[in-house]
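Multiple structures follow.
One chain, chain A, links the two complexes that follow: it is found with chain B in the first and with chain C in the second.
And then the complex of A and B:
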């Protein structure tokens, strides 16, 4: 304490001589340290977004108009693209959460060799690059893929369509998102002490009421986080839909790429991007609000 | 101490539970009377919690029987057993208020709302926390949380209340208060409790009887007084209280420690270990029979002093009233006698 004071006094003397107070010095250092990351944010996020927003309100003559948005929401093909994307994203998110939650609960409350194997293997998909995984899906589920060849050999004539179809995209979404979701939920479930579950059983709670009254309330925040991440990842998905998605309707990401690169309709592509951004920020707002709303029971 | 059959509330017969690691318990036989507070005491890993969790239904034994009022409870899951458990920590459900924590079990039993409210109020008064209904567990101190946990268990009106080191996470002073309160509640309601602890002081202070356990077996079951005065094995002698261990020689005539001699009740022979409590060591006149020794250290510990004396039989601790110890200086020659001792064969 004494040493600190002495140091402080010394510093004061020094700064008085140079004419800048130590406080100003500290604020300048702080600013200097913030500038790089702020600049990065400005040039890679804020400016591109502002440009895209501006672009989306310009027509082909560079005049302000709502034409792009009208087209986005009234054109038949665009409408079906939007519906297709939303449908796929919502169904995928729901299934991802359901399967991830079940898997995480299974892993939390079971022991044994099978459980150990699942625990070791389930996050492997996270380490497989998207393109490679997508080609894996083609090889497995494609028209001449492994499943069909094995099925044929066993005498099955027809086979459900996966590649270039909704099913394939659903499958890809699940493959990419279940591991991370399970990991998040597993850690949330690991945070529930055994004695909480045991004391609940002790006072007479059965399996269903333990799940509904203890496990869900103690993990719903993580469930929300997982839902947000899955939703955002899926709505902007590109690799898998580009490689194995149907030609029509298309996922927004692919439709955007086509408007931009093939039809050179920058305005429409921008409008799509803005719409997607709004969807994600809605989700983000929802997420942040529920995180900030701190419960008194928070551990 | 045998328990008459008609008084027995909880009976454990030849209980065995072995874990994959090889640890576990075996040959556990125990009868617990109604209204009795029994403590399972032992070092960590001795199996005391295993026994408790088996009674509570959280573990399935490999063999043996557990009966409450002569009915086997082993086939029942914890939620159906007439037992309630207080855990070491994280007892309360963090997302529920104190009221909801307490009312949850009653709601499951379809108790009326008004009745629940009355019962919760009553039990909170009993554990000296009235008016905390709306608080969340995180707003309570550790001691308060454990009180609510005890209250929650009491609300279920269990036939046997099981407590798994409930106060071990609390500081010493609070632990002492909680002990007293628990003992009061237990006596007032004539409740039957099984209390697990590794703290021998805690066990000695609250129990009707203590079950001393060591590596999966029961070493001794007796009242605190008997456990302290007549430890039945060398382990119990080492585990409970402070003890001096002196080398002695047993023969038909008695047990010889240096120039001191005691009766040989157990009929031991050969080399023996003689256990003497520090308070049973006495300072004597040089003329009397005894052991001579040199004072090595005098520590004043409140109302008494602990004196370390080096004797030919080994380093010996002696508890003396503070006034007596004042005259002793390090290096002084003293003469020690023994007022009470227990001997154990070295081979067992």
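And then the complex of A and C:
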């Protein structure tokens, strides 16, 4: 039992008089402190989500139907949007984790000026406004962009297509998500004491077995956290796909916005949102489960 | 070159390549914008501008729309940050220190802000705001900005409060300090880095927010990102680049100012609440 002291002491005076147990008092204090932010969550997130779920089950006559979902999964264009989005999100997440992991390991086990520089600079993309970064990517990788100019000077003739293409979206996803993943994993790797690695080396463990026996077990939970937030951020992304994505197939974020504001098909737009929400909830479930599992050990 | 490379060793060369790829990929697009912003003439296929100039700076900085968007955005961001602190910090403290029913349930419910696609959420929020008369109001904008910040403004400070050793609070209490004094003089200062990082995140995410503002703030609230969209569409890329720098400047300044506090551990702990 680790009853909270602050709550206890705060409540002490009154408790003795009224006879309500201190745990009850602490519970009330705790709930009162959480209620303002939770109320805001209810108003700006939970009610709107419920509205969208309801809307997704209504047809144009406002009667209950599954029409929006059947459309979502049977319409040719919609199917290709779905596959495009899933493909892009899964590949981006996998690459983000891989590159982020490599970068974090590199930063953890190397010293020197170059490493210091990377350590200082890798935060920047996390804080740069999304519109600006996308604009920078357009100007760099677009037709006659900086990449082409530099490539030309170095003697390259042909370039892969980035802007208005799958490649560009992949690139933008990596740009936005690798720094966050690297940050999470760096922090997890910093928690592995040097002494553990050194003593493993002393008993003759090679690089690969150190990686498999120490580094992976101590970081896979963080990897799940990184995967969860990268996945959630990428699947419903709008700004970058809107500015640099192809016209067809589209990612769901853009398709959703268009069916809402251009075609005024609220039901279909909501069905798309709910579908993405379900996928994210799946990720969220594993994430929360892994966080809660740790609890007994931590307490 | 050969002897020079060999004397450096393979490792150094490898590190240099890593740095080069890193800088090219992550900073290239931003450096490109800086070059663009100061160029007067930059014809293909030159690698660098042929003529440097500041003409687009005076063009952008004398546009009424731009100037008013800057002050509007900063005003909104300041309100959003203060409001988020007032609303979320008590909750963060409660999650870290007080035992109450369903606390885990409440804690993880904030993940919902990230689990539903933002665009869909904004559409539904707009429908709701329309019914309660919050469309095209400052309150509506502040609320939609707070949606983006609720989660980390609760989680990061909660992790920060949790990392303060209770033994330190107890010893302060043992010498007779009241609970508020303990909070003010012991707990708060030690949790400050986490709160500061979360506040910076909040401030910047409010400055950056475009879609939600567009949904509920049209036509009166033209913030910087919305002006940026129209500049991208209507003016040459040089003007866009200039405005990009103006919009990114607060980020750079804030990060430099708070460099001591912005570190991987403080931020990461917020996403791994135990």
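Observations on the structure shown:
Operating definition for what follows: the second predicted complex is superposed on the first by the 254 of 299 C-alpha atoms of A that agree within 3 Å, B and C clash if a C-alpha of one lies under 4 Å from a C-alpha of the other, contacts with A are read in each partner's own complex, and residues count from 1 in each chain.
Just so we're on the same page, a residue touches a chain if its C-beta (ideal position, glycine included) is under 8 Å from a C-beta of that chain, and two chains touch if they have at least 3 such contacts.
No experiment lies behind these values; they were computed from the predicted model shown.
By the touch criterion defined above, A:199 lies against chain B but remains apart from chain C after alignment on the C-alpha atoms of chain A. When chain B and chain C are set side by side, the one touching more residues of chain A is C. Within the superposed three-chain model, A:246 lies out of touch with both chain B and chain C [touch as defined at top].
Contact with chain C, but none with chain B, is seen for A:183 once the two complexes are overlaid on the shared chain.
When both complexes are overlaid on chain A, the residue A:209 reaches chain B alone and has no touch with chain C.
When the shared chain is aligned, chain C comes close enough to touch A:45, but chain B does not.
Contacts of A:217 after superposition on the shared chain: chain B is touched, whereas chain C is not. Residues common to the contacts of chain A with chain B and with chain C across the two structures: 295, 298.
Considering their complex, residues 2-7, 9-10, 23, 26-31, 33-34, 36-38, 40-41, 43-49, 51-52, 55, 103, 106, 110, 112, 114-115, 117-118, 121-125, 127-133, 135-137, 139-141, 144-150, 152-153, 174-175, 178-179, 183-184, 186-188, 190, 221-222, 225, 229, 232-233, 235-236, 238-239, 243, 252-253, 256-257, 260, 266, 269-270, 272-274, 276-277, 280-281, 283-284, 287-288, 291-292, 294-295, 298 of chain A touch chain C. By the touch criterion given at the top, residues 193, 195-196, 198-206, 209, 213-214, 217-218, 295-299 of chain A touch chain B in their complex. Of all residues in chain B, only 56, 58, 77-80, 83-85, 87-91, 93-96, 104-105, 108-109, 136-139, 149, 152-153, 156 touch chain A in the complex they form. By the touch criterion given at the top, residues 15-16, 18-19, 22-23, 25-30, 32-33, 35-36, 44-47, 87-88, 90-91, 93-95, 97-101, 103-104, 106, 108-121, 123-125, 127-128, 143-144, 146-147, 150, 154, 166, 169-170, 173, 179, 182-183, 204, 207-208, 210-211, 225, 228-229, 232, 237, 240-241, 244, 247-248, 251, 254-255, 262, 264-265, 267-269, 271-274 of chain C touch chain A in their complex.
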